[in-house]
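Report on the following structure.
So that you can tell them apart, the chains are marked A, B, C and D in the order they are listed, and the count of residues begins at 1 in each.
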Amino acid sequence: MMPGVSMDNPVAARSRGFSPGRIVLYLILGLFCLYYLLPLYVMAVNSVKPLSEITSGGMMSLPDEWTLAPWRAAWSQAQVGVEATGLRPYFMNSILMVVPAVALSTIMGALNGYVLTKWAFRGSTVLFGLLLFGCFIPFQMVLIPMARMLGLMGLAGSVAGLVFVHVVYGIGFSTLYFRNYYAAFPTELVRAAQIDGAGFFRIFWRILLPSSGPIAVVCIIWQFTNIWNDFLFGASFSDFDSQPMTVALNNLVQSSTGVREYNVHFAGAIMAALPTLLVYIVAGRFFVRGLMAGSVKG
Amino acid sequence: MSQLAGASGARPMDRLRDALPRIVLSPSVAIVAVFVYGFILFTIYLSFTNSRILPDYELVGWRNYHNLFRIRAWNTAVVNLAIFGLLYIAICCCLGLFLAILLDQRIRAEGFIRTIYLYPMALSFIVTGVAWKWFLNPGIGLQAVVRGWGFENFSFTWITDGKMAIYTIVIAAVWQTSGFVMAMFLAGLRGIDNEMLKAAQIDGASSFVLYRRIVIPQLRPAFMSAFVVLAHMAIKSYDLVIALTGGGPGTATELPATFMYSYTFTRNQMGIGAASAVIMLMTIAAIIVPYLWSELREKK
Amino acid sequence: MRGFSRILGAAALAATAGMASAGDVEVLHWWTSGGEAAALNVLREDLQKQGIGWQDMPVAGGGGTQAMTVLRARVTAGNPPTAVQMLGFDITDWAREGALANLNDIAAKNGWDSVVPAALQKFSKFDGQWVAVPVNVHSTNWVWANKAIMDKLGISQPETWDEFVAALQAAKDAGYVALAHGGQAWQEATIFDAVAMSTGGPDFYKAAFIDLDEDALGSDTMKTVFDRMATLRGFVDDNFSGRDWNLATAMVINGEAAFQLMGDWAKGEFLNAGKQPGKDFLCYRFPGTQNQVTFNSDQFAMFRQGDKVSPEQAALAEAILSPGFQIAFNKVKGSVPARTDLDVSELDACGQQGYKEFKAAAASGNLYGSFAHGHANPAAVKNAMYDVITAHFNGEYDSATAVKELVTAVQLAR
Amino acid sequence: MGFLDITRATKSYGALKVLHETDISVEEGEFLVLVGPSGCGKSTLLNMIAGLEEVTSGDIAIRGRSMKGVKPADRNIAMVFQSYALYPNMSVRGNISFGMEMHGIARPERERRIAEVAELLQIGQLLDRKPGQLSGGQRQRVAMGRALVREPDVFLFDEPLSNLDAKLRVDMRTEIKKLHQKLGTTIIYVTHDQIEALTLSTRIAVMYDGHVQQLGTPREIYDNPANMFVAGFMGSPSMNLFPARVVAGRDGPAAEIVLAGGGSAQLPFAQGRMTDQVGREIVLGIRPEAITDRDGADRNSRAVHEVEALVEITEPAGSDTFVATQIGGRDVTGRLRADVQVAAGQRFSFAFNMEKAVAFDPRTERRIG
């Protein structure tokens, strides 16, 4: 039993090398890469063209004249409000919102998952079901009552309010992830720690949390993506000084009766997506591992 | 696991300690009680009022529901959700599974390919909607390019065709999430006992039979997770439709989410919007609740 | 209204968390593209000279629907902006909720009643109170034509529907896209607007779209309007679905298409492409509506910030209707000023023509709010009509069905 | 040529050699156990026989037919896995029938064989359950049923009992042995448990570090280990190994040992042994059962010698008492009758049965006598 070597998928192991089947396999995988990359190609290629090339047709072709001006414009010169600030100032707003919201919802999800698996009590499963169902509520529906509640709580138009909203609607999924992950975590370890005299929080902090890396990655990727890309809440519950990136991007892209600078739009669009892309590329390796450890197990 | 046994309630500290798990869970429960279930009740109430631009609390009975079902766009939206939801979930699952199986064949550069498949999930449709719209547009997109290669008869005009436009929504939506589903299935495949695959090999199962009869049935938890994620996405699909077709041509690609938004916010008929939200929630509940019930009960 | 006052009460308790601080105005608008935003910047600088800060709250999308959603949330939260860009019936709706401030003192001081046309006042005032300040007037019944194509095919300005159809046919026969059009509901409605005005005349237009008279809505005239829409559909290329209006304009600019039916904001696209009015492109009223102007007017509705209008809000309102800003803004925006007493020699040819026609129409009672842009009937009715018009244009209904559906849709939406 | 021939088979993963050249010939009906610690290459060898892993060089033949390029399914083998590898989505019946289905065996024949196997293994009442509803022992039976029903040339067992609790493990061990006796099929069985190896096998291959250390019957392996590894690995408690020096004693060669608490003693070798090794440093190996009290010593042995040594610890184990002392700095365990009165700290006279002693070269660790 050679560890790491005997783990081969025997079915796959049989077909290593470059048989015709293998070539077809790579071809198919390559074709799907094209499918997934295509929109990115359209965006990237048009973000380095002058506008005239785009409006005169040829939106799919490579630029005749390469230019980085659209990128510069999207970053710091483009008009997204009365002042030509580009997207730059909004980046910080988004980060100020995303980081606490992701952190809070992840921690709450972890604690909930811990309680629901290791300290389950009568009715806790029902409570979990109720939490989970909350994931399915359409956001358009909660807009007005949420605005009212934020007003009542004095959080209207503040970053804290936005963070709160995202935490509220992030709890369901983060709890789901952690619950499934902790369900597979050996309960004996928790019992042993109890006997050693560790309390509720100490067990969580010292025993479960240190081994929660993979599922935390899944949860963070999920929450980060959703919150960073959210437009509806970001637009509705922010103030003039806390509008997130997506609102600025939307303002850049959607102008009603003005000239549309598609190249700048695409540059801005890619720019706005960079943080999430980065998260996917950096944490992507742990992603499948995390899913494997948590969410796909019954 | 139950709490540590012991003389409960002997001292206040002990009682506090016993209650700790509930105390930790309670903020979430309270939040969800108010911000999900409270809002649902509020919406149900609104659906019986004549609310227009802002909530109004005067009851008008069933009028909004009555009107709702007379609005043609609502029927279109419901039918579209059925078509879209079914196709979207089915295609995502099939494609995700297919790609996961391919990627599970000890592929060189697996990590790289996986990232490519996964990245669309990172982009919002505010971002990619325009790109998709162009790509699908017959005049400048795929059709134009293929015709440019010399295939003059090639035709791809779904987005302009009221009957086919909903399928372009499916294409773009599948593009966005199938990579994520692939990752879930890949994780599921990696979790299957290796000895089982050997056993099947000795039993003489071909790769096809192996996957069909042994591997795929074991991916049930992965299917279920994918279903929850996909169902939730299908129901909430809004940005996608707005960015791609704006609900058109005509009302051909209207979905309940866009309908609800449009009646609540654009048309100032909040009462009808609320009624549509209630119907939609009931539909979701009818599908999700039995699923949650069976999943959660089974684990006991 | 009861509901709203309760919300205000709640908001007062909420200690006005993010309200615009004293000395500042917060403005919610959807003018985010270069020209528009630059135009609005003139206003910002005006106020800054008076020591009033401008807190910018742009939310673009859907011709302002996105901003209206945000507004709904802001007001419900008890955190309304100082001023909000608004169109037509939205102002009336918000005024009815009791959310808007009373600007009568400022209006009296500046004599707005005499310089703003009555057709605009209909939206700026509610129950005899000024609640909003108009920024500009766009007119929507314009035809844009590529002059080179006109010259080549020998088409002169069509004066009637039949001439227009003949001109379209000529362009089509010559291999051009006769009518550049983007398949979005509001664009179709914009055309429908003009066709209805041309077909039925002002009285029919008023009866059908403003008074929502069921006889007019279900009339044979309406069927003719739908028939004419079907005719126009025949001159549109196949790829029109979902196309943005400016891409359609680009088709005219590039010489791919002969005509576009669009509001005066299309001019900005031509100018931006370096084209000159009269030389490279032509603009004229839709055939049969030479004497009418259907308009939409961007206004800034002033939201109540307490019991009385604050000095900053007052200053903002005054600045918006000041002659200097009206000229400066509309020069950039392509629309015409909202007051009739200005010297517009600074505007370009199309602008001057538009202003002259606007004044004439205002004087002769031929100035009508455009239904397609929310200036004839409330949002619910407007959108219900959109549904029918766009469904018919996309071939889901024949004209007779469309007329019937239109009547039903209006019934349902009222 | 035997029934199953492994000739000069090796396995490498790139530069890593996990199985060195191996030759084993198995006769029909034999029960060969491959035993060794984790990572010794035993499972690799089994997988090679099954065809789950390719043979890097050399060959494996069954019934004289080379298995090169023959798919696992076509080798007419069956395998029982450590994790049982039951298909969780199929019923017990489905699990047992699956392999036959894949081999195109008709339904009535399948039914007949399932019934037969169910009868044999007494799992008839479980046929319609899912594996998830079975206990460990039941799963084990099903896994065996799945293999049996194929009526293969060779059964391959990969640590089939290691997931069972101790009691069940002993029961199943007995059953497997009975089954083998009843069916007489050739079995290759991998385990790391030397007791399983000794009890079940007709022959054992002890493996370590990618090499077969010794191949022989259980008795040969037990009594005459080929090297120190085999000696230490097989048997429980394991063989005592301690340093000694061969000296010329009164009656021929003897092993001189250093006792705990100082002093030395001589243990004469049995007649005729180690005669040419005088003066050599060796490692002496004696199993605990050959170190006893005087009355417990083997009466047939003609080479029992007593040495008094300090008792360090006693471990009564019911039927016997294990007593530890030190020789040459190593712990040495003797197995005494239960009723011998002895306590830690006492001196006690141990009887060494030198007929059972073996000697190893301390450097090569090979057997020298």
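What we mean here is this: contacts are C-beta pairs under 8 Å (C-beta built on N, C-alpha and C of every residue); 3 or more make two chains touch, one makes a residue touch a chain.
From a predicted model like this one, the values you see are computed outputs, not experimental measurements.
Enquirer: Could you run down the chains that neighbour subunit B and subunit C together?
Expert: Intersection of subunit B and subunit C contact lists gives A.
Enquirer: Select, from A-B and A-C, the pair of chains that is joined by more C-beta pairs in contact.
Expert: When A-C is set beside A-B, the one with more contacts is A-B.
Enquirer: Taking each chain's centre as the mean of its CA atoms, which one is most distant from subunit D?
Expert: C
Enquirer: So, what's the distance in Å between the C-alpha centres of subunit B and subunit A?
Expert: Averaging C-alpha atoms per chain gives centres 15 Å apart.
Enquirer: How far is the middle of subunit A from the middle of subunit C, if each middle is the mean of its Cα atoms, in Å?
Expert: 38
Enquirer: Taking each chain's centre as its mean C-alpha position, how far apart are subunit A and subunit D in Å?
Expert: Those two chain centres are 55 Å apart.
Enquirer: Considering subunit B alone, which of its residues make contact with at least two other chains?
Expert: Only 54-55, 140, 198, 201, 220, 261, 265 qualify.
Enquirer: Please list all residues of subunit D that touch 2 or more other chains.
Expert: 47, 52
Enquirer: Residues of subunit A that touch two or more other chains: which are they?
Expert: Subunit A, residues with two or more chain partners: 6, 10, 13, 57, 143-144, 146, 232, 250, 253.
Enquirer: Which of the residues in subunit C end up touching subunit A in this complex?
Expert: 7, 10-11, 13-15, 17-18, 26, 30-38, 40-41, 43-44, 54-64, 66, 69-70, 72-74, 76-79, 138, 244, 246-247, 250, 253-254, 263, 265, 268-269, 272-273, 333
Enquirer: Give the list of subunit B residues in touch with subunit A in this complex.
Expert: Touch list, subunit B to subunit A: 1-4, 17, 20-22, 24-25, 27-29, 31-32, 34-40, 42-43, 54-55, 99, 102-107, 111, 113-124, 126-128, 130-132, 134-135, 140-141, 144-145, 175, 179, 183-188, 190-191, 194, 197-198, 201, 207, 210, 219-222, 224-225, 228, 231-232, 235-236, 238-239, 256-257, 260-261, 264-265, 270, 273-274, 277, 280-281, 284-285, 288-289, 292-293, 295-300.
Enquirer: Show me the residue ranges of subunit A that touch subunit C in the complex, using the header's touch definition.
Expert: Against subunit C, subunit A makes touches at 55-57, 78-84, 143-144, 146-148, 150-158, 232, 235-237, 239-241, 243, 247, 250-261.
Enquirer: Touching subunit C in the complex: which residues of subunit B?
Expert: Spelled out, the residues of subunit B in touch with subunit C are 51-57, 67, 70-73, 133, 137-140, 157, 159-160, 162, 165, 242, 244-252, 261-262, 265-269.
Enquirer: Under the stated contact criterion, what part of subunit C meets subunit B in this complex?
Expert: 1-4, 7, 62, 65, 68-69, 72, 75-76, 90, 93-94, 96-97, 183-185, 237-243, 378-380, 382-384, 387, 390-391, 393-396, 405, 408, 412-413
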